[in-house]
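One chain, chain A, appears in both complexes that follow, with chain B as partner in the first and chain C in the second.
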Partner chain A sequence: MRAVKLRKQDLPAFLKCVQSFGELWGPVREKDRQVLKKTDDVNQIDLTTIRTSLPFKKLLFPPRFSMFHFSGNKYTTSLEHLPNRIIFGLHPCDIHALLIMDDFFTRSFDDPYYTERRKKTAIIGFSCIPDEKCFCHATKTDTVEEGFDLFLTDLDDFFLIWVGSSLGDDMTRECPKIIDEGILPEDLKKYVEWRKYRNSQFKMDIDLTSMPEIFDLSYDSVIWEEEGEKCLSCGACTIVCPTCPCYHVYDKIEMGKIEGERMRQWDSCLFKEYSMVAEGHNFRESRAERLKLRFTHKLQAFVGEYGKPACVGCGRCIETCPVDIDIATIVRRLRGEEVKV
Partner chain B sequence: MLENQKKDVGLYGFTGCNGDQLTIIHSEDKLLDFWQSVHIKSFSLAKSDNDDSDLDIALVEGSISNQEQAEHMKEIRKRSKKLIAIGNCACYGGVQAMELGSKGWDQRFRKVYGDAFFELRTPIESKPIDVFVDVDFYIPGCPINADQFFYCFAHLIQDHVPTIPDHPVCAECRWRENDCLLLKGILCLGPLTASGCNAVCPSHNLPCLGCWGPVEEANVSSEFNLLKEKGLTQEEIKRRFRMHNGSGIIKPLKKILGVL
Partner chain C sequence: MTGLTALKNAYLPESMRLIRRYPLIEGVHFFQVRAVDMTRALSLDYLPGQFMMVSIPGIGEAPFSISSTPSRPGLLEFGIRRVGRVTNAIFQLKENQIIGVRGPYGNGFPVEKIKGNDLIIVMGGLGAIPLRSLLLYALDNRDQFGNIYLLHGAKTPSEMLFREEFLNFRYRDDLTCLLTVDQDDTGKWPCYTGLVTRLFQQLTDIIPQKTYVAVCGPPVMYKFVVAELLKLNIPKHQILMTLERRMKCGVGKCGHCIIGGYIYTCVDGPIFTYWDVIHMKGLI
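Coming up: the complex of A and B.
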């Protein structure tokens, strides 16, 4: 992989320069949170961001959007006018989540509403130091080798930039004046030390080994009922999760016409209607069953199918759930560890 | 749509602020389609030539708070194929039904009206319309949201059942990336309340008061316990829960508190 250097003070100039490839989106502080926003003012980007309140998925399939307009037997999509975008600031966990999403929306068939947006999206990753809610070391998503066009590692006085695609390569060549091609041995040494330091900074103690087996043995555990009593069915945990792709499709028709929009909007396995089928039968009537589905899917079923969990350790569900039901509490409870209730 | 395929529709208002009918009237961009896609047989807030003919669809706003209204409601039901409750008062009783389910309506009534004599009306405790008649579909809100209403209406007049997703306000609130008030210990009813308002209150940093009424899966006891843990008193929580939830909160609240 090609690597180049960028001086700290040149980051704004660099981001300005790559804007010729598309709209720049990055984490911007808003009150108590950071939100992924389109910004022309690169100084607004908050480099200290650990996790944005909603992940990148809101740009690749928005919470609610019109797939196409229909009238009689004809329909027209609006996929031709999508803008080119650069998402700056994704950390390794989110880049792993992006790879999971890419796979989900292309594996069995190509979902154009995702892939057309995805094709026009460039990713510039950014390094991070974990906070007390991060556990990507446990999900093995703490480093990335693919899934980005560029990846910047913050090494105090400069950024080491890994080039991950030909588009990324073009981006660095677009700004030759500020990009430094000469990586010195001491730069590499610095990088290795930084990696060591970052590895030592994980604060959350969570053990994900043998989770599929533990789920097998916990199918009838009382934990599900107990947590189900608490769950508010608010759906927040799935909304913020970067690997939750579920959606609901409905038609919005015009009064008195055979014309309208086919809409897609985010759904959640924690909503009751999600598991309802014809005749009103519901496979997961109770909250306990729905919670069990969410966690089993993330940490067991997905492992069976894809060889890795569908949790990337971003910590968003930990930050979000009003009643503290999240990957960490569930895993600890299933392992029989002490959890403050 | 062909003239003879158009549905006969009537709009009626009982006890309430007329906000739901006004929401329809104020949707200027939809009014032409609204008037053209059906025959509006009765809509006394908007026109004067109203009649009492048989209807395909009756849209009813407001709660029932006297016997004469109850009779009128039953009469509308008899001549309507479908009856749709619109707005919080029709669906759950509105703020005037916040004490529904507690004893002592007589005393409360006397406290306000004393021994006043009602010549034309016989007052009763205010209740949602489904206490008196069968309701086919509910479009909640205080007032209704124009987008949600016209979406439902477009489907209903083509004999489709519209789907209102069973999401609470939190879903729309999270989509808008608001700071969560509940996490800060503020009494927000988002998790218990049906969505459709686009989370307008939390988006202005105000807690949800529950004016859309309860969402089907509302976990009332869990939110009750959570709010108590956050330091709110039982009385504060109960008042807020009952403010807009009328008939919708009685059962779960009785389960927690015993009596209301």
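Coming up: the complex of A and C.
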């Protein structure tokens, strides 16, 4: 992989160069939160961000959008005018989530609403030092080799930039004056030390080995009842999860007209209506059933289908859950470890 | 985007014409539908057991089993019960109106595996709708199947779906047609009375390894029918059943029909075997 260097003070200039390729989106601090936002002023970008409150998915399958317009029985869809976007600041966990979503939305069926947006989206990854809620080393998503156009590693006085695609290559060649091609032996040493330091900073550990079998054997466990008892069915964990793709579909119609939009909106498997069919029959009436579905899908089913769990260790659900239902605690309890609840 | 190829968007419904509709029983109507484009109408292929998403603009979309057989191309047939918002709107439709339909979706019955074997079709109540497709398909390709048995149970004669059609099947010599009602409120019912499970007494020379069974009916029926089938030593993976779940997309993305965390009913089903039911938790 091609790698180049960028001096720290040149980052704003570099991002301005990048803006010639499309809208720049990056993490911006808003009061006590960090949000992924379109940033015309590159100085707004907050490089200290560990996790944006909502992940990148809001740009690739927005929380609510029109799938098509209908007028009588004419259906028209327009996906031609989507903007080119560059998402800056994705950490390795989110890039892994992006790869999972790429696979999910194209496997066996091409979802045009996702793929058309994805084709116009470039990714500039950014290194991070884990906080107490990060567990990407446990999900094996703490490093990336693909899924980005550029990836910046913060090595104190400069950024080491990995070039991951042809488009990324173009971006570095757009501003040749500030891009340094010469990687020196001491840079390599610095990188190795940085990796060692980062690896030492993980504070949480979750053992995810044998999860599929453990789920099979704990299908009727009381753990689900007990954790379900706490759950508020608010769906916040699914909203913030970078690998939760479920959606609801409904028609929006103008009063007195036979025209409108077929809308797609984020849904949550924790909502009571999620598995409800005609006449109110509900295949997952209890919160325990719904909570079990979420974890089974993430940690068992995905492993069988995609060879890896659909959890990237970003820590968003842990940070967000209002009643402290914690994936780490659930996994420990399923493994039979004593956990204070 | 290259701009060279038109965007293929499988979420857009196709225009279809409602050719004919009439009541089957109280609250359940029969709808015959044909793609407006005649070439498309004749080339639309599917498997018995598959379903389509029917769209009413402004109201929404819902999945419906296909009741017709692909061996008779051109018309798609649905039996639809009025139960909710979308079906209420479908019941407002008049003949010759245009509706939106997309599909077919789902795995369908494994007809290629069934071929060469005997086939027992066990239907109760609305289960007749998807199983009629398989039954007609087998009859239309009669030489490719062994013995065919139809076991159909309804509460009363007036609640039996496709009653006249199935009553006429009694006179065919290429099919064993056993019809029963829980209660004969007419006093003129010419067939059996009692639960559908009682009809199994009539099945005498079944060769279990050479027999596939397709079952569809109200949830309460499965347990008792499966018990009868196990008594006959039918292998669990040769007992086929079709399941119902909430669906929004039909293509394995929206998530609502997921079972056990990894089975998407709309893609991996709606046809499952009894072995699947034992093997994969949460199916029924």
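Definition applied: the second predicted complex is superposed on the first by the 337 of 341 C-alpha atoms of A that agree within 3 Å, B and C clash if a C-alpha of one lies under 4 Å from a C-alpha of the other, contacts with A are read in each partner's own complex, and residues count from 1 in each chain.
As a convention for this text, contacts are C-beta pairs under 8 Å (C-beta built on N, C-alpha and C of every residue); 3 or more make two chains touch, one makes a residue touch a chain.
Since this is a predicted model, take the numbers as computed values, not measurements.
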Chain B versus chain C as contact partner of A:Asp46, first or second or both or neither: neither
Partner chain in contact with A:Gly72 - chain B first, chain C second, else both or neither: second
Which superposed partner A:Asp131 touches (first chain B, second chain C, both, neither): neither
Touched partner set for A:Lys119, first chain B, second chain C, both or neither: second
Chain B versus chain C as contact partner of A:Ser108, first or second or both or neither: second
Touching partner for A:Glu229 - first (chain B), second (chain C), both, neither: first
Contacts of A:Val35 with chain B and chain C, given as first, second, both or neither: first
Contacts of A:Phe271 with chain B and chain C, given as first, second, both or neither: first
Partner chain(s) touched by A:Asp170 [first = chain B, second = chain C, both, neither]: neither
Where chain A meets both chain C and chain B, residue numbers: 248, 250, 253, 260, 267
Contact footprint of chain A on chain C as seen in their complex: 1, 7-13, 15, 57-61, 83-84, 87, 98-100, 244-246, 248-249, 251-256, 258, 260-262, 267, 281
Chain A residues touching chain B - in the complex, by the definition given at the top: 30-33, 35, 53-54, 58, 63-64, 229-236, 239-240, 248, 250, 252-257, 260, 265-268, 271-273, 287, 320, 322-323
Complex interface listing, chain B residues touching chain A: 1, 6, 30, 33-34, 36-38, 150-151, 153-155, 157-158, 160, 163, 165-168, 170-171, 174-175, 177, 179-180, 182-183, 190-192, 215-219, 221-223, 226
Contact footprint of chain C on chain A as seen in their complex: 67-68, 70, 72-73, 75, 77, 79-80, 104-105, 108-113, 116, 119, 215, 219, 245-251, 253, 258, 260, 262, 267, 269, 274-279, 283, 293, 296-297, 300-302, 304-305
